[in-house]
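Below are two complexes that have chain A in common, paired first with chain B and then with chain C.
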Partner chain A sequence: MNVTIANEGGKVISAVTGRVDTTNAADFQEQMKPLMSLQNPDIEMDCSGLEYTSSQGLRIFLMLQKAVSANGGKLVLLNMQPQVKEVFDITGFSNIISIL
Partner chain B sequence: MNKHNSSFANRLSSEFVLVTAILFITALGAAAWCSHILISREATKTAQNMLDAAVREIENEIQKVEDAADGVAWIVEEHLDDPEYMYHITNRLVSRSDNVYGSAVAFPPDAFPGKHYFAPYTFRNQAKGGALTSIQLGNENYDYFNMEWYSAAASTGRPHWSEPYIDNGGGEMEMATYSRPVIGSDGKVKAVVTADFYLKIASDILNKVHPYPHSRTVLASATGKYIVDVNSGFFGNDILSSCGSLEDNRAIEAAEDMLNGSRGIARYINNGKYSLVTYGPLKNGWTAALICDYKEVLKNSARMHAVLFCIAMLGLALLFLLCRKIARKLTRPLTDFDKSAQQIAEGNFNTTLPEIKSEDEIRHLRDSFEHMQSSLNKYIEELKVTTSARERIESELNIANKIQMGIVPNVFPRDSRIDLHAWLKPAREVGGDFYDFLIRDDRTLYFAIGDVSGKGVPAALVMSVTIAAFRSIAKLEPDSAQMVSKINDTLSEGNSEAMFVTMFVGKLDLCTGEMTYCNAGHNRIVVIDPQGKASFLNQKANLAIGLADGFKYEEESIFLTPGTRIVLYTDGVTEAERDDRAQFGNERLLRWASEQKCANAGEACDDLYRNIKAFTGDAPQNDDITIMTFKYKANK
Partner chain C sequence: MFENVEQYGLDLHCTMILEEYRESVPVFEKIKEIALNAINRAISENGIYITALESRIKAEQSLVGKLELKGVKYMSLSDITDILGMRVITFYTDEVDKIAAMADRLFDIDWANSVDKRKMHELNSFGYNSLHYICRIPKSMYFDPQMPQINEFRFELQMRTALQHVWANIHHDTGYKSGVEIPYDYLRNLSRLAGMLELADEQFSQIRTGINDYRRQVQQLVSSSKFEEVPLDGDTFGSYLKIKPFDKLNRRIAAINQAEVHHASCVHYISVLKALGFKTLGDVEKLIHDYSDDAYKLATYELGNTDIDIISETVAIQDLLIVYILENGGGEHGLIYMFNTLNGPSDYNTIRARRLVDTASQLPFMNR
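For the complex of A and B:
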């Protein structure tokens, strides 16, 4: 599991790869932390490399969403793989996080 | 313990003493060798000096005999015309020389008219108590002209000492005769004056030379005949032949050298004994020898060696004892440390360490021990605290597990219309999964299954709140969507940790088979129709509980034909993982649902779990697993 963060044309471009499960959820939260306190809170996150997320991973996406909203920004998750998208759909997370 | 220590001290001192002993013995050996040489040389010199002194004394006696004979030669010459006067001369000679046994003046044949033999002789007559007796020696039976004592001097015109002999005429005495020719003015031998040397005198002198208990002295004539052998009766024997019988050639070589008139020392082996011989010539051609047992000569040296050896052994023994005492003293702290270490090993970390006054390695060892003690104490204290904390948490979690297992219902409805069973297994002691059910008014079955995000204590706390909310709300609120909305409102308040709950709440009319439900982001439930065909329920996702206050949840409904089964589960079922990260998944779940032939709900729960375990194998359970299944039998 790895999170990259870059600035491109006024937007924060981020990408997450690998699996988020019980064993590395805390690490994932730690890597996501910088994204939760940005000056420019608009974030595009590429999820094409994300293979699996447990409910703990979902919780961290949710925390990010809350933080971005509180900062007046917008979070967009891109290129999500179907099995991951399914988790977002089943739990209704697709309703509160924009997934393109 | 003590044994180890003493053996260490013993080894240390043994090695030290061994090295010292080698040095010691080498030095002593050198000293012994030098002393042996010195003592041997000194002893030889002493023996030689003693022999020389004896030789001088015998020469003195011989000189007196020669002087006595030489002293009367001129008187004989002056009285050649007076034969009777010769008796007077011999008489005077013997009486004046106490070491002369007898004396003769022997004349050549027919020196006086009518006297073919004429040799007046005076001797100490033993038969008469030593009184001087004078006789005329020569006659037909005693033809002295051809006897050595006369002929040797008369023919050469020079003085002569005879070979030793035993006098048969008088007292059976050992004798040697000195013959002195009297030469006339015409150069011819006019007479031969003789003096008999009493050899007991020489033997008495040699007898006094007795430096060692078994030493003996020998006097030999010019031709190598024994004159005196103090310790044996070899008189007259040939010295060369007796030496030649010895196995050691050095003996005969020494004898030959001695008879050649040399002065010297020799060593040879006789009957296995080392002998030392010193020898020297007398001026009349005789030779003397002193023969000593070499062992006796070196007795002092041997004694000294014994003393040295004793001193060395005693010294080494003392050194060993001293070394061991010192080594024991030095290693005693180690023994004490050993005791301390054992005490510490037995758990007595505060045991008193031995006092070390020196500033050396032992002191460093003590400091290290002290450090170890304090570190051990610190670690043990920390361990105690950690252990007690862990034990407390473990016991609390154990209790929490029992509480949680008590919260979810374990008694299932005994109703002919419904066969329901549920089963929950947390991944840790406590978990975030839950299920619940109740039958209201003997007609409606309310049921719920849920999964709090995360695991462990935080999830368990949220689970308790959720199940409590469900129970209190389910009693009052018949509409499932309203029920979920109210639970959502309760949980969303102050949810700073973004915990959320996926939940499926259903309501089954046991009479009509109508099932109304509201899903809050939970996994799709499985419906198995009476023919055994399994499919996921096409349920609306809505949103997991706890995320959005005031979210509008929607209710849906279906009719269950009698014989339909419902399987509710949490993601611990579909996301159960093998070691290779493959998940149990929706397909396996559906396949199991279509293929299972379980007789009742309880069996179905067990069978599904068995399938999951068969799939995951030894991989640890990574999430809470909850299964709830029921079969709607028939409406009455």
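For the complex of A and C:
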């Protein structure tokens, strides 16, 4: 699992690749922390390289969504692979997190 | 900072009042602070919504103007009741009365000099509508032996609605009191507008009262389970969700993988329900009653082969509507419409709808 974060023209452009599962969920959460503390962030996270997310990964995406909303910002997950999107769909999280 | 008092050319009596004013500004600042805190706290505790709470200490130039015009009327500074002026602007007329009752509890009111301008108009006249209380800080609220004037000086508290405030400001802007004669037609139009705004204020209050009555009735009907009598709209659906109608199905679905249920609002599903022709909460109850088993089967098929142990509270209504659309012939297009409505248009919605149509074709409820 790998995470990148960059600032581009007022937006925060992030990308996550690989698998998020129980073995690396804590690491994923740690890498999301800088995004959770931003004020009014406009975050686009490219998920085209995300191959799998476990329940732990879902929880971290939820935490990120909550923190971003609480800080007056916006989070959009982009280019999700179908098998990952399906996890968000069948759990109802597609209704909570913006996925384009 | 100050001009020389003598240079205003006031008489000795007025000059002494002006000097007293200069010495007393810190007292008025303190009164302002105490009164603002008390009003803010009371408004918050009583759950009253206001548009603004304003305050000002009369500027020296303004006081000079007042003394020039009617200085002889005042024995001392304490006779002038608007050195400190405060104003509460409310949304609704009845809230002006609530603020007044609150002020009555908080402050010592000088009733002899307080005035309700709303009641001063003749039957056929319309104009300035505002409630003015002349107040003092009671010793029970604040007392400082070093500054006893805090409980002696009076201040003016104006209470009015936002519409009354707009009218008063525009009326003031005409310079009506400046001595310049305003043509009859303009004054008449201002008066007509005052009448119109009075009616509008009354209508706003009646609309709010009506909405509150409607909400109370809906809550009673929901709590007595008379769902078929309750029309489906944003308000009624919100009340309905408070009794957690989808909890039972969510718990069944969660039990598939011993999952935790993450709290989430289902209120945005109202648009899908309306689009599908649901007219009352009774229709939603029927959806739950008739389609829960099939929604559970769909969830079991989707979640059963995974180790996902967290679901959103929206899963139950989502799966209920998916099976409702599919069993009633809505097919792929119906599902795409639902996902577009909920999540905004996206290519994913088509992929998801196709996947669900394939999934459902393997489930018994689509082959009955």
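Here is the rule we go by: the second predicted complex is superposed on the first by the 98 of 100 C-alpha atoms of A that agree within 3 Å, B and C clash if a C-alpha of one lies under 4 Å from a C-alpha of the other, contacts with A are read in each partner's own complex, and residues count from 1 in each chain.
Throughout what follows, contacts are C-beta pairs under 8 Å (C-beta built on N, C-alpha and C of every residue); 3 or more make two chains touch, one makes a residue touch a chain.
All figures in this text were calculated on a predicted structure; none of them were measured in a lab.
Superposition of the two structures on chain A shows chain C clashing with chain B.
Contacts of A:Met63 after superposition on the shared chain: chain B is touched, whereas chain C is not. Using the contact criterion defined above for the overlaid structures, shared-chain residue A:Asp89 touches chain B and also reaches chain C. Of the two partner chains, chain B is the only one touched by A:Arg19; chain C is not.
By the touch criterion defined above, A:Ile99 reaches chain C but does not reach chain B. By the document's definition of touching, both partners, chain B and chain C, reach A:Ser54.
Superposing the two complexes on chain A places one of the chain C stretches 57-65, 93-101, 219-227 or 255-263 into chain B: stretch 255-263.
Contacts of chain A with chain B, set against its contacts with chain C after fitting on chain A, overlap at residues 54-55, 58-59, 62, 89-96. Residue ranges on chain C touching chain A, taken from their complex, read 259, 262, 264, 268, 299, 302-303, 306-315, 318, 342-344, 346, 348, 351-352, 355. The residues of chain A lying in touch with chain B in their complex are 19, 21-22, 25, 52, 54-56, 58-59, 62-63, 66, 89-96. Chain B contributes residues 427, 451, 453-455, 498-500, 502, 520-524, 541-544, 547-548, 571, 575, 581, 583, 622-623 to its touches with chain A in the complex.
Note for the complex: chain A touches chain C at residues 54-55, 58-59, 62, 80, 82, 85-87, 89-96, 98-100.
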